[in-house]
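Same chain, two partners: chain A is paired with chain B first, then with chain C.
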Partner chain A sequence: MVQVLINGLYLGAQYALIALGLTLIFALMNVLNFAHGQMYVIGGFITYVVYAQLGLPFIVAVVAAGASLAIIGALVELLLFRTVIKRSHREESTMLLAAAVAFLFDAVILLVFGEKQRGVPKIISGVFVSDALIIPYDRVVIAALAAASIAGFMAFVQFTKPGRAMRALAQDRIAAQLMGVNVDRYSMIGFALGAMLAGLAGALLVAITGVNAGIGGPISIKAFMMVMIGGAGVVGGAIAGGFILGMLESVGLTVLHAYGDITYLVIFAALMVFLAVRPNGLMGKPWG
Partner chain B sequence: MIDRRSVFLSATFAPVAALTFALAGSPAWSADKELKIGFVGVTSGPAAAWGTSNVRSMQTRAAWLNETGGVKIGGDTYKVTIVTFDDQKDPKRAIAGMEKMVQEGIHYVVGPNVDDGAAAVRPVAEKNGVIYFPYAFPKELYTKPASNAVLGMIANYQSGPAIYKYLKDNKGVKKVAFVAANESDPLSQRDSGVAAAKALGLDVIADTDTYQTGTRDFTPVLTPIVQLKPDLVVLSGVAPADAPLLIRATRELGYKGLLSTETAQDAKVLQEGAADLADGFISVGGASTPEIRSTTMEEFIARYTKMFGEYNDESNTKCYALEYIVDTLQANPKAIDNVEEFKKTMDSFTAPNPYLKDPNAKLSYVGATSFGQKRQVAVPMVVNIFKGGKFETLFVGQVD
Partner chain C sequence: MNSPRLSVALAAVFVVLVLAVVPWAIEASGRYDLYYTLTSVALLSIASAGVWLTFYIGRINIGQGAFALAGGYISTILVVRAGLSFWLSLPIAGLVCAGLSVLVGFPILRLRGVYFAMVSLVLTEVARLAALALPITNGAKGISSIPLPGPISLFGLTLVPDFASVSNPRVPFYFLSVVLMILCFAAMYRLVHSRIGRLCQSLQQNEELASSIGVNISLLRVIAYAISSFLGGLSGAIFAGISQSIYPSSFTVADSINFMLNCFLGGLGYVFGPIVGTFVLYFGWDLLFQTGQFQLLIFSGVLIALMLVLPNGLLSLNPFARKSA
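Take a look at the complex of A and B:
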């Protein structure tokens, strides 16, 4: 059972990192970023190129992926979302735009990086083995880096001027504007940060799970599930949602293993019941 | 009367016409008719690798044939053109794709890549006189009254029993566990694999474990299976993208037994995703291994690599479909626009297999045992074992 719980915790850490950027963008701009999974994929492929093909250190690849996605995110906000948000008051406009960006990224990724699954050399070899637990060391390293990324992000939004400005934006956009917060600037920074988190998640997890051009959609769906469990737009909720989903999968696949293909059926049914009882998720209130 | 406009037109088009006539004399331009061959399958999304390797194999071979003057069918020479349609693994789009092929006057189509797509296009193909080569296993597509589908590869219910028997006899396998994606193709392959294993007297200790499409970390899925200590874990219908992740998770959980699948895999993908943890992994290929392939196959791989930057080992099987279509049309030129003639020829068709070094290797249609009629291409059933970053031949079987 220790193995099952550790599997769940590790899976939860992965999921939390993936969901964080999605919920940040939603909190700041009320945009459901359907291209979040594709941003994760781009981060994974940049790491593949820098680390596996160019032979540079893994940490350089992770930084390159994060920086590239931050730039891509800033450009997407500046050139696409800002224009649409200013011209249209209908929420579905940004949803359609996000879906279009997702399809565009899917096509570009397939053209640039090809159709094959890609993997990188292990960042650290060896497996910890005891009577109750087996865990590869690279997973421990990646989990630690993921936790450090989450902590760094939380510190940034808590203790820096841009972080405070973004929290103000998330709480009340108009009030923040009246208090002198530059909405355009911090929206762009927020979107760039959200995209960077997606890229960082892809960059870190490529060392464990590899990456391929087609996984953007499924990654986005799981990220939305976590955000819905935790409460849309709440950072703590995204982290909680990630760990809950990870634990549900790990325990469910073990406990329900004898009953056939029902683990995900049970998870989705439970999610529907949960949302019927608590439609705003666990912490469903404005972020901040 | 010669005016300035006439002079201008003559000056413009005369060189173009001269160039056209000059080029028409070279081999690449000697084909005076066009033979369109269609492809309907998945070239985007998580399963993009399956259809992409099909399309690229066809495009590589077509370019090669055209470069050497086209293909001679009856008294005519044809330039081969590949018309492609991405069905996105959606049966509704597969139907639209097959209808597009009909509108283009195409009678021979490669694909679709999955069971539901192949079943969906059947009415369109049968109504409009199209022969299609699916990479899908439902037997009803190939057994009477169906007659327009030709299985483009070895089915898992043909290779599975051979692999399990080999491992039972040579590796002492007794306990088998199956794991599959929660999708129609892998689940049906798992079920037929379970039936085959039971028929051989093997103890099936896990046959209900599944994973969602898009799963990236398989450790939770595999933990209960590894705890059962099977001798063999079968990854039923596993996609090339998932295979290295499943292998890696299984090995990292301490599993020491055998791993196999009945689907084709790519050596580089396995090497990058699982490295030495994939050593000993058993899969099925076509004319894949250096031990059996001909110089023509070597050149095919070189041309494919030159055209697309990187070869895909799945193409070791997928190189065959276009070869069968062209060679059958050459055997019976009346089939060029009449699929009933094509069907008649299938029963007796035979031609040298250009991709194998064995001079006695032949292309022919098989499937009489599995389907009651010859509705399958004869591809060598090469069971591979992955070692040190490449495939080695474990054994070679045949389907009749």
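Take a look at the complex of A and C:
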């Protein structure tokens, strides 16, 4: 059972990193970023190219993935979302745009990186073995890096000037604008950061699970679930949701193993019941 | 607002077009494959009309795939396992879907905006996983070789021939789907311009305000969602009938997203938006087939460009703008 809980913890750290970017973009712009999973996949493939094909150190690959995604995110916000938000009568239009961007990224990923499953050489070999536990070292390193990224992000949001501006924006867009926050600029920075977090998550996870062009959609769905559990637009909620889903998945796969492949079905059903009781998740703000 | 006479004339032209001109053109040109394409467009636009109705009450619905899949399975199981007539299984599939949506809807319709969108997306996954896990659905192998619909006769008079006896069963399916599409959109038009339609619009604008002046918002949104799911289930059931097979992957998240895109593309402010959106999206995708590996790239690029130029839908170009309100 300890093994199951430990597995849940690493999964949780990785999931939290994925959910964080999604919730950030939602908090700042009220945009549900359908392309989040695709951004994750792009991050994974960039890491694969830099680390496995070019042979540069893993950390360089992770930084490269984060930086490229930040640029992609900034461009997507600048060129696409900003225009549509200004012109559309209804805010739901951003969802169509996000879905179309997800399709576009899917197409680009297929054309550039192909449809094969890609993995990278282990970053650190070796496994910690004791009576009850088997822990591969690379998983520990990845979970620690994920936790460090989350901590770095929280510090950035909490203690820097752009971070403060973004928190103001998330609280009340109009009030922030009236106080002299450059809304356009910080929306772009926020979108770039959200995309960067997706890229980082992909970059880290490629070391464990590998990556292929088809996992973008399922990753987005998982990210949506985590955000729903924790509450949309709340950083703490995303982290809590990530760990809860990681734990549920790990425990569910063990306990429900005997009944076949129904872990996710049970999780979904539980989520529906949970949302009936708490529509805004654990710590979400009410919508509207 | 244009005169009612013009609306009636346009509607009549449309009915004649799809029921007489299109079949004639297909027979004349020999492009029989278009029957199937147009049938799909008609059915998908019925499901999209359901999604449109949930947009009308201010909910972003990415869960229509779940009900289409459920409808397909219910109809198939009734036909194959219980030996029921296809015609009887259609309304049953729709009604069971509506019933399911009431059960699911009571809790989740309290959610709004992005929350509802995400839950409905998850619902699509639930339906797929349930279809994989339940014993009666035959898992990933799905159910195939479903018999074609039989005849309908009333007092010895054959109203609809046995589909299996027709040389090309695609033709009766085309008429079935198109007639249902016309009925569906006529009903939608009527609904939107009725008292309930006005009430739905009040939900879209401000639920609290609507509630405070005595609108029963929770009942109304469940009704709208049930109608939406009925349409989803109906179209899924006919789809299973045409392809004579159903699999857990028949309707997936991508389909749910497409239903939503159809509505957006046509324009959320227009009752007939889903028809236009579905038609353009489906044919656009088919036309791009020749571009091979660049199909998705071009398709999504054009979608994004359309969004930038026409964020309020294709029908916002329409000079006869039949605005729903």
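General observations
Note that in this section the second predicted complex is superposed on the first by the 284 of 288 C-alpha atoms of A that agree within 3 Å, B and C clash if a C-alpha of one lies under 4 Å from a C-alpha of the other, contacts with A are read in each partner's own complex, and residues count from 1 in each chain.
As a convention for this text, contacts are C-beta pairs under 8 Å (C-beta built on N, C-alpha and C of every residue); 3 or more make two chains touch, one makes a residue touch a chain.
Note that the structure is predicted; figures quoted are calculated from it, not measured.
Of the two partner chains, both chain B and chain C are touched by A:261. In the superposition on chain A, contact is made by A:280 with chain C only, not with chain B. Look at A:221: by the touch rule set out above, it reaches both chain B and chain C.
Judged by the touch definition given at the top, the superposed model places A:110 against both chain B and chain C. Within the superposed three-chain model, A:271 lies in touch with chain C and out of touch with chain B [touch as defined at top]. Judged by the touch definition given at the top, the superposed model places A:57 against neither chain B nor chain C.
Contacts of A:30 after superposition: chain C is touched, whereas chain B is not reached.
Looking at the shared chain after the overlay, A:3 reaches chain B, while chain C stays out of its contact range.
Once the two complexes are overlaid on the shared chain, A:126 sits clear of chain B and of chain C alike. Residue overlap on chain A between the chain B contacts of one complex and the chain C contacts of the other covers 106-107, 110, 217, 221, 260-261, 264. Residues 3-4, 7-8, 10-11, 14, 52, 106-107, 110, 114-122, 127, 129, 134, 136, 205, 208-210, 212-215, 217-219, 221-222, 249-250, 253-254, 257-261, 263-264 of chain A are the ones that touch chain B when the two sit in their complex. Chain A contributes residues 26, 30, 32, 34, 80, 83-84, 87-90, 92-93, 95-97, 99-101, 103-104, 106-108, 110-111, 217, 221, 224-225, 227-228, 232, 260-262, 264-265, 268-269, 271-273, 275-276, 279-281, 284, 287-288 to its touches with chain C in the complex. For chain B in complex with chain A, the residues that touch the partner chain are 43-49, 52-53, 182, 187, 208-210, 212-214, 216-217, 219-221, 223-224, 240-242, 244-245, 252-254, 266, 268-269, 272-275, 309-310, 312.
Within the complex formed with chain A, the chain C residues making contact are 55, 60, 104, 106-108, 110-115, 117-119, 121-122, 125-126, 129-130, 132-133, 253-254, 257, 260-261, 264-265, 268-269, 293-297, 299-301, 303-304, 307-308, 311-312.
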